[in-house]
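Presented sequentially are two complexes of subunit A, the first with subunit B as partner and the second with subunit C.
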Partner chain A sequence: MTTDTRPPDTEPGAETDASPGRRRFGLTTVLGRQPLGIVFAAPYAVFLAVIFAYPIGLAVWISFHDYFFTAPGVVVDRPFVGLDNYVEAVSDPAVRKSFLNVAVFLVINVPLTVVLSLVLAAALNGAIRARIFFRVSYFVPYISASVAVVAVWLFLFSNNGFVNQLLGPLAPDPSWLVNKTLAMPLIALFVTWKQLGLFILLYLAALQGVGKELYESASMDGAGKFGSFMNITVPGVRSATTLVVILSIITGANLFTEPYLLTNGGGPNGASSSPVLVMYQRGIEQGNPDIASAIGVLLMIGVLVIAFINKRILERD
Partner chain B sequence: MNIKKTSALGISLVFALSAAACGGDDGGSGGDAATSATGPIKIWLSNNPEEIAWGEKMVDAWNADHPDEEVTAQEIPAGKSSEEVIGAAITAGNAPCLVFNTSPAAIPQFQKQGGLVPLDSFPDGKEYIESRSGDTAEQYQSSDGQYYQLPWKANPVMIFYNKDLMKKAGVDPENPPLATYDEFLDTSEKIVSSGAAEAAIWPAPSSEFYQSWFDFYPLFAAETGGTQLVEDGKATFNSPEGEAVAEFWRTMYENGYSQNEAYNGDSFADGKAAMAIVGPWAIAVYGEDTNWGAAPVPTSAGTSAEETYTFSDAKNVAIYSACKAQGTAWEVLKFATSEEQDGALLESTGQMPIRDGLETAYPDYFKANPDYTQFAAQAARTVEVPNVPNSIEIWQTFRDEYSKSVIFGETEIADALSAAAAEVDDLAGQE
Partner chain C sequence: MAQADLTADITRRASEPQGPPPQLAKKTSWPRMVLLILGAVLFLFPFYYMFIASLQAEPDTSLAGAFPTGGFTLDNYRDINGRVNLGRSLANSGIFTGAVILCTVVFGLLAGYALARLHFRGRGSLFAAMLLVQVIPFQLLMIPLYVMVVRSYGLADSYLGMIAPFAINATAVFVFRQFFLQLPEDLFSAARIDGASELRILWSIALPLVRPAVLTAVLLTFIGPWNEFLWPFLITKDADLQPLAVSLANYIESVAGRAANPYGAILAGACVLAAPAVILFMVFQKHFTATDIGSGVKG
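Right, the complex of A and B next:
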């Protein structure tokens, strides 16, 4: 059975009084109530499309083809290979190890980042002496070049470095940077320390939105500092926590400089290699951008999934 | 617009652009017209000061006589490695005409990219290369039988030692026993146990694909009398000689004569290691501050210096296909590698032009600089990296297995070499 919903005297295709209104409604939906806004937003939208969306699109396309870089004008066959590059990437032990390493990195880095940055931000938000000095101190590693900061950590954690001299007989053997158990946690620690300034700043901004009267009420109700922190501060900066978690996951997924410099290319034996480092080796050094792109797409999907799960967990009511 | 709509739009954009990205290539390049075209050209030089000084003088000399074919030289742009920068330039179509720092290991990849001009396409190309470099030239031929690189200069590596540290360790500084593995290990033991240096020798224990050129490969070349890592499309290192070399280095690491953590700096210059595996460039770098000596790399049987092979550590010159004036590029290449310019290069850098009869070609230089004579003699017995498909992947595969078994002792050497050989055979057999 069919139902004709047209008004009784309306022929198919005939214009009705409602049509102009619908067209206006359609244009408003697409262009918004202030179409001029598009002009202002266009430069950044174009920037995003050219700098981010196009390379992602190209990477996805490359990952499904037998692809290698060629000089302009060189005609080569680049057949569609389906999931072959993904299968090759996933069956490569070095790739699997790098993903596992990043998982270890995230398990250490993300909770440590959240806890330390929140605690330090809360402390710096209070009336403590030399507050500006501490704020600047935490921020300096973040704005320093990784290469320079890595040199300091090499001085600290090399075999004859400061830390081992301090530890004496308690120094790990093999030493930190060539110890397959300790290399990745050390990198996680390094990145946590280096990025802390940014996340403290995010939490400091979020803390400004937590009403002082809540702390006063809690205090009148007999809550201690720890109780106030857990019951007012932590829930009060939940949206910032979501941001901090997602940003630290993205930072971790893009790990490259630290294993490249601190552990000499992901050593020992790939114990601190990262997917991006393996992508660099496969794609740039070894001329296999198709496999490198497959690794990149897998990494992107992984980050999106983890970020989505985190968002759902952290923002649930 | 809500988040769902924004996300949907973003994803659509990505997929639309991925479809747009699959555009094909157009056109082609090369041909007789291209190889005879003349005009101004650009060249890239290595970024070490001595080579730049030589390059600038060479360019001035050329430009003085060829105002219509002016050469503009610049250093290779900064990057993680020269190969990475050159590879990107090939893809972008803005590579210069000549790069005087092309690694032989990168040639197969650049060739596959369509980034190189076969030098055989010049009427006198093949003849010039073979008459200049003699039999050595053969190692630089690609699998299609053509030359995509001109073998330019070598830095044949030898064992460089610090005489003062040898003396401190109770070893004869003028003639330290380093010819056989046993002698080398014994000398190393004395250096470390005496506290003369933290390590006897400190090759970089890191995982970059090229690091094996400065630990395993020179000794493998010596042990096998000049065998490349891959020959006839098959790995050669899974052999008693390969195992002997790997076992030697394993003992060095196991006994602490070599360190498995990278030294942040120059271990030889800083006196942390008494020896180093280096080419003749080291004379200019260490010569003034270090009381040094040099010896051939060791072999199990202690081969005489006159029969010992080593790794060449060559850097070559190639003509890149983006070059419009390839005729000029070829003439500049011949000018820059002429007997006169090779002599000037030797004089200013101490690096050995890959030229047949090097010692007899420049007798005055070697008379005035006797320190370089042994490196010149060694230059006649060098082994290059194999010119095979997937060259860099092959070296990375080898390095990974070597690192596991030799540097960190996590796997058996025989198993590691066997696993690497199987993978290398597969890679070398691919197009």
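Right, the complex of A and C next:
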């Protein structure tokens, strides 16, 4: 017999209550059978309310008002301005450029991430020599600080860096990080490299759920390795693919450290800026939190819409 | 919410043994091995290069320069230490990370236990909120959190302001909940009939059984604040309070394009910043299975 099936009046501790009947039952209906849970969960609930729920509301509120920074405790008038901040954000070429850059980023990053992580996870799945070594090496970039790995990419892709030495006459001119066509693709490549370990892990977990007998019957029917990969593995991990795509989109929407450090503030000339970088520049550096909030709300809506469409497409049967 | 189902699903599967039976471990076909090795080289080479270059007096970017045979020196480490005060920055990173881990373990265990094992009003809503939080990118809250922390509460340049937004890692709470859910219900009903308080059940009965979950949660919580750049960067202007990620980034930013040869010092700093997470991960890698799945969700 488990707690779940027990009627509320046999609750442990109820026996010691002087009048366990109706009053106890009433309290239970209001607070639940173990109201102590409210106390246990309270710090976390408060944390969620203060750090997530309230700031989301505040962001939306700021985006509809003429808002500027003041010293703590100063009360000023912040008039409602309707969609003015949104109009200003959308008509700013730098903002439009940054959203376009994210689109470029996603077009490169998402397919590359899905294909590479699934192929490597499939190769890593099952009986493999040195499996732990590979698992660790694929995961190391993911757990390392962006600032640290950006430093070595800066070095590798600098003008006279290792990569250009390796390419010799094929090295791009101007070099990667200061080239306006290559800067954003390079950031997409960097993020793919850095995040791939997490996605390999996700796919590895999903692959455990694909039945071995499917592969056996496919090979008896004469299917090749590639055939069974396309017809069994790929559909078999479809729900993981949805998650991988959504997570990649969220990562793309959040780009900040890479354009800030790798391409020296979204350079050259905004060619690799991201919406979060523009939010930082407009909001914190130039003191326009209202416009920055409008950009943030637009970005949040964008992510939700794309994630929803993606879910619909990938989970369609 | 399908995503939640999947996460739960993956978490459950990951707790099942995944290792290959030993007698099969010899049948790896060579194209597969070549692919895996190629992948490993691409993932590890930048780390090797970072370490090697941090030990060179003069950065040698030629192809042969990637495989030096001598001339190693610790000068770059001395150099970066003179510019960003490594000890102080590491201490700040440690305080930031340690406080987040402490809050996550204490409050996260309580919340995870309540969500898994106690029936109370609002449990469903809290769980839904917890999952929702995982898909809300922290960066989008940058402006309102900055307004609250810096402007309303005057917590700029303080550890409290740095720690508060990260205090309880949602993924860790999720991991705790999953582990508490796996324990048999009889254990709890028996203890309750014996008159044990919930706090005592949690501490003496449930906690010893979920020790692996605590280790996993500590590891995945560690990489959040240790690697975090944007938030401490926004709220600390005082170099004495900056974690290493921020002081190193400021150094990269300020010398980029100006210093004749700044890479040695930058890469030495990068090694110091990356090493703790990499070492922890290598030592405890078997606890780092798919259970930490959601850690990427927060981005």
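Observations on the model:
Rule of thumb we're sticking to: the second predicted complex is superposed on the first by the 269 of 317 C-alpha atoms of A that agree within 3 Å, B and C clash if a C-alpha of one lies under 4 Å from a C-alpha of the other, contacts with A are read in each partner's own complex, and residues count from 1 in each chain.
Definition applied: contacts are C-beta pairs under 8 Å (C-beta built on N, C-alpha and C of every residue); 3 or more make two chains touch, one makes a residue touch a chain.
If you're wondering where the values come from, they're calculated on a predicted model, not measured in any experiment.
In this overlay on subunit A, subunit B clashes with subunit C. Legend: residue contacts after superposition of the two complexes on their common chain; A:154 is shown touching both subunit B and subunit C.
By the touch criterion defined above, A:285 reaches subunit B but does not reach subunit C.
In the superposed pair of complexes, A:217 makes contact with neither subunit B nor subunit C.
Residue contacts after overlaying the shared chain place A:181 against neither subunit B nor subunit C. In the overlay built on the shared chain, the residue A:76 is in contact with subunit B alone; subunit C does not reach it. When the two complexes are overlaid, the chain among subunit B and subunit C that reaches more residues of subunit A is C. When the shared chain is aligned, subunit B and subunit C each come close enough to touch A:58. When the two complexes are overlaid on their common chain A, residue A:267 makes contact with subunit B while staying clear of subunit C.
Shared-chain residue A:231: touches no atom of subunit B or subunit C.
After superposition on chain A, the subunit C segment that clashes with subunit B is 257-265; the remaining candidates among 77-85, 257-265 or 275-283 show no clashing C-alpha atoms. Judged by the document's definition of touching, subunit A residues 32, 53-54, 56, 58, 62, 69-72, 151, 154-155, 158, 160, 264, 284 lie at the interface with subunit B and also at the interface with subunit C.
Taken in their complex, subunit A has these residues touching subunit C: 1-4, 12, 30-38, 40-41, 43-45, 47-48, 51-56, 58-59, 62, 69-72, 119-120, 123-124, 126-129, 131-156, 158, 160-162, 165-166, 193, 195-198, 201-202, 204-206, 208-209, 239-240, 242-243, 246-247, 250-251, 253-254, 256-257, 260-261, 264, 276, 279-280, 283-284, 289, 292-293, 296, 299-300, 303, 307, 311, 315. Taken in their complex, subunit C has these residues touching subunit A: 2-3, 6-7, 9-10, 13-14, 16, 18-21, 24-28, 32-33, 35-36, 39-40, 42-44, 46-47, 49-50, 53, 59, 61-63, 65-66, 107-108, 110-111, 113-115, 118-123, 126, 129-130, 133, 135-148, 151-154, 164-165, 167-168, 173, 185-186, 188-189, 192-193, 195, 198, 223, 226-227, 229-230, 234, 245, 248-249, 252-253, 256-257, 263, 266-267, 269-271, 273-274, 277-278, 281-282, 285, 288-290, 293, 295-297, 299.
Of all residues in subunit B, only 1, 10, 13-22, 24-29, 80-81, 83-84, 87, 90-93, 95, 109, 112-115, 198, 204-209, 259-262, 264, 321-322, 390, 392-393, 396, 400, 403-404, 407-408, 410 touch subunit A in the complex they form.
In the complex of the two chains, the subunit A residues touching subunit B come out as 32, 49, 53-54, 56-58, 60-62, 65, 68-76, 94, 151, 154-155, 158-160, 174-175, 177-178, 180, 264-270, 281, 284-288.
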